[in-house]
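Labels A, B, C and D are assigned to the chains in the order they are written; within every chain, residues are numbered from 1.
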Amino acid sequence: MNRTYRLILDCPDQVGIVTRVAEMITRHGGWISEAAHHSDVESQRFFSRFEIQADSLSFGIETLREKFAPMIEEYQMNFNLIDSCQPKKVILMASKGSHCLSDLLDRWRSNDLDCEISCVISNHTDMQGLVEWYGIPYHHVVIDKDNKAPGFAQVEALVDEYQADCIVLARYMQILPQVLCEKYRHKVINIHHSFLPSFIGAKPYHQASRRGVKLIGATCHYVTEQLDEGPIIDQDVVRVTHSDKVEDLVRLGKDVEKTVLARGLRHHLEDRILVHGNKTVVFS
Amino acid sequence: MNRTYRLILDCPDQVGIVTRVAEMITRHGGWISEAAHHSDVESQRFFSRFEIQADSLSFGIETLREKFAPMIEEYQMNFNLIDSCQPKKVILMASKGSHCLSDLLDRWRSNDLDCEISCVISNHTDMQGLVEWYGIPYHHVVIDKDNKAPGFAQVEALVDEYQADCIVLARYMQILPQVLCEKYRHKVINIHHSFLPSFIGAKPYHQASRRGVKLIGATCHYVTEQLDEGPIIDQDVVRVTHSDKVEDLVRLGKDVEKTVLARGLRHHLEDRILVHGNKTVVFS
Amino acid sequence: MNRTYRLILDCPDQVGIVTRVAEMITRHGGWISEAAHHSDVESQRFFSRFEIQADSLSFGIETLREKFAPMIEEYQMNFNLIDSCQPKKVILMASKGSHCLSDLLDRWRSNDLDCEISCVISNHTDMQGLVEWYGIPYHHVVIDKDNKAPGFAQVEALVDEYQADCIVLARYMQILPQVLCEKYRHKVINIHHSFLPSFIGAKPYHQASRRGVKLIGATCHYVTEQLDEGPIIDQDVVRVTHSDKVEDLVRLGKDVEKTVLARGLRHHLEDRILVHGNKTVVFS
Amino acid sequence: MNRTYRLILDCPDQVGIVTRVAEMITRHGGWISEAAHHSDVESQRFFSRFEIQADSLSFGIETLREKFAPMIEEYQMNFNLIDSCQPKKVILMASKGSHCLSDLLDRWRSNDLDCEISCVISNHTDMQGLVEWYGIPYHHVVIDKDNKAPGFAQVEALVDEYQADCIVLARYMQILPQVLCEKYRHKVINIHHSFLPSFIGAKPYHQASRRGVKLIGATCHYVTEQLDEGPIIDQDVVRVTHSDKVEDLVRLGKDVEKTVLARGLRHHLEDRILVHGNKTVVFS
């Protein structure tokens, strides 16, 4: 694979940022193979992403980071420099519904998701054999509905043990405790089975059926303390008709859920998403 | 044009309804060129639509209606028999925004909407010349925001005078008084500029921008007393990104609004929509 | 599951067919839970599909078939009566690319595809373990590119042994010999990785990239002797841009391929597809 | 309106182009409000577009152009610098079908297309009154099918007289002579009523109906000497079924045609399209 360094930054907007950053890269022979920028007019904030060919530089990522240090301070940047050859460590969390999990595993095996899958955590054992066929550890962690703390403590221990960069709730069906939401801020990706902000909360397909909508959707978002209110990464919809019963909506919705989740995760793995407030900038 | 009789009915579900109806039509030589049925499991209600070639019958629509009278009573049917050669009389209501109005007028002139457009009613005069070029009467009816009753009385008088079968709120921007909603129940079609039930109420594109959604939509629905809560006829969406400002959402939304409104109206004109409760059956 | 009999027919169009068929069903107490009809004006042919609640009849499917015998002759019907509780036997054929295979297996396990999967046949062994985890026999049948006949003889033997009702080419990458296309007419479903009739033949994503199209697609169709020319069951597309290289098209295309193939197969399994000439009627 | 200078360039790819261009802009205080880049790996060509706030520079566009002169030569750039406050002069050409024409006129009047519409040229007079209501000159230029040269000479004279920057074939239904295609290279935008390269040539909806496709589309492209083979700007599709006759395809296709044409034209007017060979880079 082509090794690149991904430079992601945001800072208060002003003249000359792109030039200063680009000049710094080019001065050292760096080849910029991709670049995207966004100025948010309302917040007067600037967002940018550069992809630099690693082998065009005569030094490594640490040296590059040091060279940017003064600029980061001067412009008050949130600054991130990532080596594309260090795949992110991802933990998948799933329940009984297998469509998202199975879909992500096949994409990963087919090299369409550039990451390491550290393990799968589930409160059920149904998919253990399949996950292990992929060579991925499977942890059965029961969340007792009357006492959830021990289960989630185990989840937290696993996340920390694996030093996971990203947790994917692949139709996990459990609400993550607030403390974990905060601890893994902008690292937990959820797929919600409605076109948010429609049908927040439980049983969205039932709600959709009652309201008689003609399209149903799914929303991939970062998990925050506010349930179903986190920054939206991606969404999509599929057409339904009066003849589709709730179980048809559930089935049709699965296709949207797995596609949108995979797309959102891919953007995350490629460091294409910047969050500001409750919104995302996605440089796709 | 090919003349057909459209038979639309709904009633409590039971065995044999399709057969009884079809048998009645066929017994008199009627050629069924289209037929669609739907059983709503929850409400145990049956919905059906037949299209019959008019010239395959040896008698007219009135006689056909009489022949069905006993069956209507027996099955407790809501029953409607419509002559496709009697185009519906439609009143378009618009404000300053011209995209829906202009779109509907061109479709009508191109014979893609089978109706009579009785007149256009607007609280502005901007589009008067264009409407008149199409040979359609234009009524400028001011709705005084401090005293709306006289304006709406004038609207009501016009609707009654033209004996309109259908009123289209083509981005009319005014809330119809409750009394008119009730009087013209299931005859007033509105286009709401959001993917309902998301962003009910005012300035949906501003709401969408604040929430950071990745798709925006529009919803065509029958107007009821509950604002933006009426039975949904059709919906669609378009993709947006972080770089789209509110004014871009407004512009992109227009394409969805006009397409969805035209599609919904067309279904209405072809008697393809049956309403039950707050939902629609659309035999498209 | 709700047991139904599916009655599928086509015949020269004339007045009264729906009534005659419906009357026959109703006379014996049959409850029609779904019905759809289509008159093809050009060929003057009539197509129809009824779904009848099995337990509303006092006799079985064989007796029902007998009762229709005179009508079949009178109207010169192609007539099919299928018991929904006799799941079709499906053979999946795959190559190295796993996205369609893996997707179909998960749908099947999740009860979203109502069939038996008799076995998987592949010219590679990569997916053997996964297939067997699902409890499905795996046959590794090598197609020698210099002498294909023995391999395909083995395929034919397996199809016959399993008495398969349907063969799905889930990105099988081999052209079926003409004799098998004829033998299993309208039983072999292929997914072609282009929006047919664009980019017929080899390497459609390379062709698409060269032409600079802004959408790529996939086509699910019945296999006939004319490569990529069989009756189309379903199609869909996804948006691409100038920045998508061939390998991106391949990746983006996979999502469309697997969704369209699954949708097409589902229609086939539910007996919703009637073929006439090189076109399909899909009662969805 | 916010005045910007749009800088569009392409040249052989090498390290440092973005930096050099950005540095030149920033050195003079230029505020870059938008920037996009694309490296075509195959042709090793680099494409870029910058949008610069005009009032952030202390001098005008001519001076800016001069400052870039040495760089243009050094990098062998195709270079274009455009003032967003100089709206392009557009000529619309139409036939009897009014949907695209009427749609573009309404968009233009609603300020959703930033251009001057110099005139409408048509071989029919049907829409003259409507066009004139918009305050736009209408020229009725007959193309005699047995002697097309005089008509097209008149068209050419009008294009030259109005100094048009862009000609839009809004379902014009005539093939432009080769000499005009060459003279107005990359300035003539056509809407083709099929999803190219499917159904090249005449009566694409008839072809689509015969092939039994499940989606129909439209393609907006620059006109070249090779009919229907020019660089594609945008495409879209709409779903159809077996019950849609050719006239339904025509009607459904209109919605796609007008939307895709408007979108493509908008990209052109905003100088977002760069052509290389038979493909486009669209910085949307």
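Everything that follows uses one rule, which is that a contact is a pair of C-beta atoms (placed from the backbone, for glycine too) under 8 Å apart; a residue touches a chain by one contact, two chains touch by 3 or more.
Computed from a predicted structure; not experimentally measured.
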Each chain counted as touching chain A and chain C at once: B, D
Distance-maximising chain from chain A - centres being C-alpha averages: B
Distance from chain D to chain B - Cα centre to Cα centre, in angstrom: 36
Where chain A and chain B are represented by their mean Cα positions, the distance between them in whole Å: 41
For chain D, residues contacting two or more additional chains: none
Complex contact set, residues of chain C against chain D: 38, 40-41, 195-199, 211-215, 217, 231-237, 241-243, 245, 278-282
Chain B - residues contacting chain D, complex: 97-99, 102-103, 105-107, 109-110, 112, 129-130, 133, 251, 254-255, 259, 262
Chain B-touching residues of chain C, taken from the complex the two chains share: 15-16, 18-20, 22-23, 25-26, 29-37, 39, 56
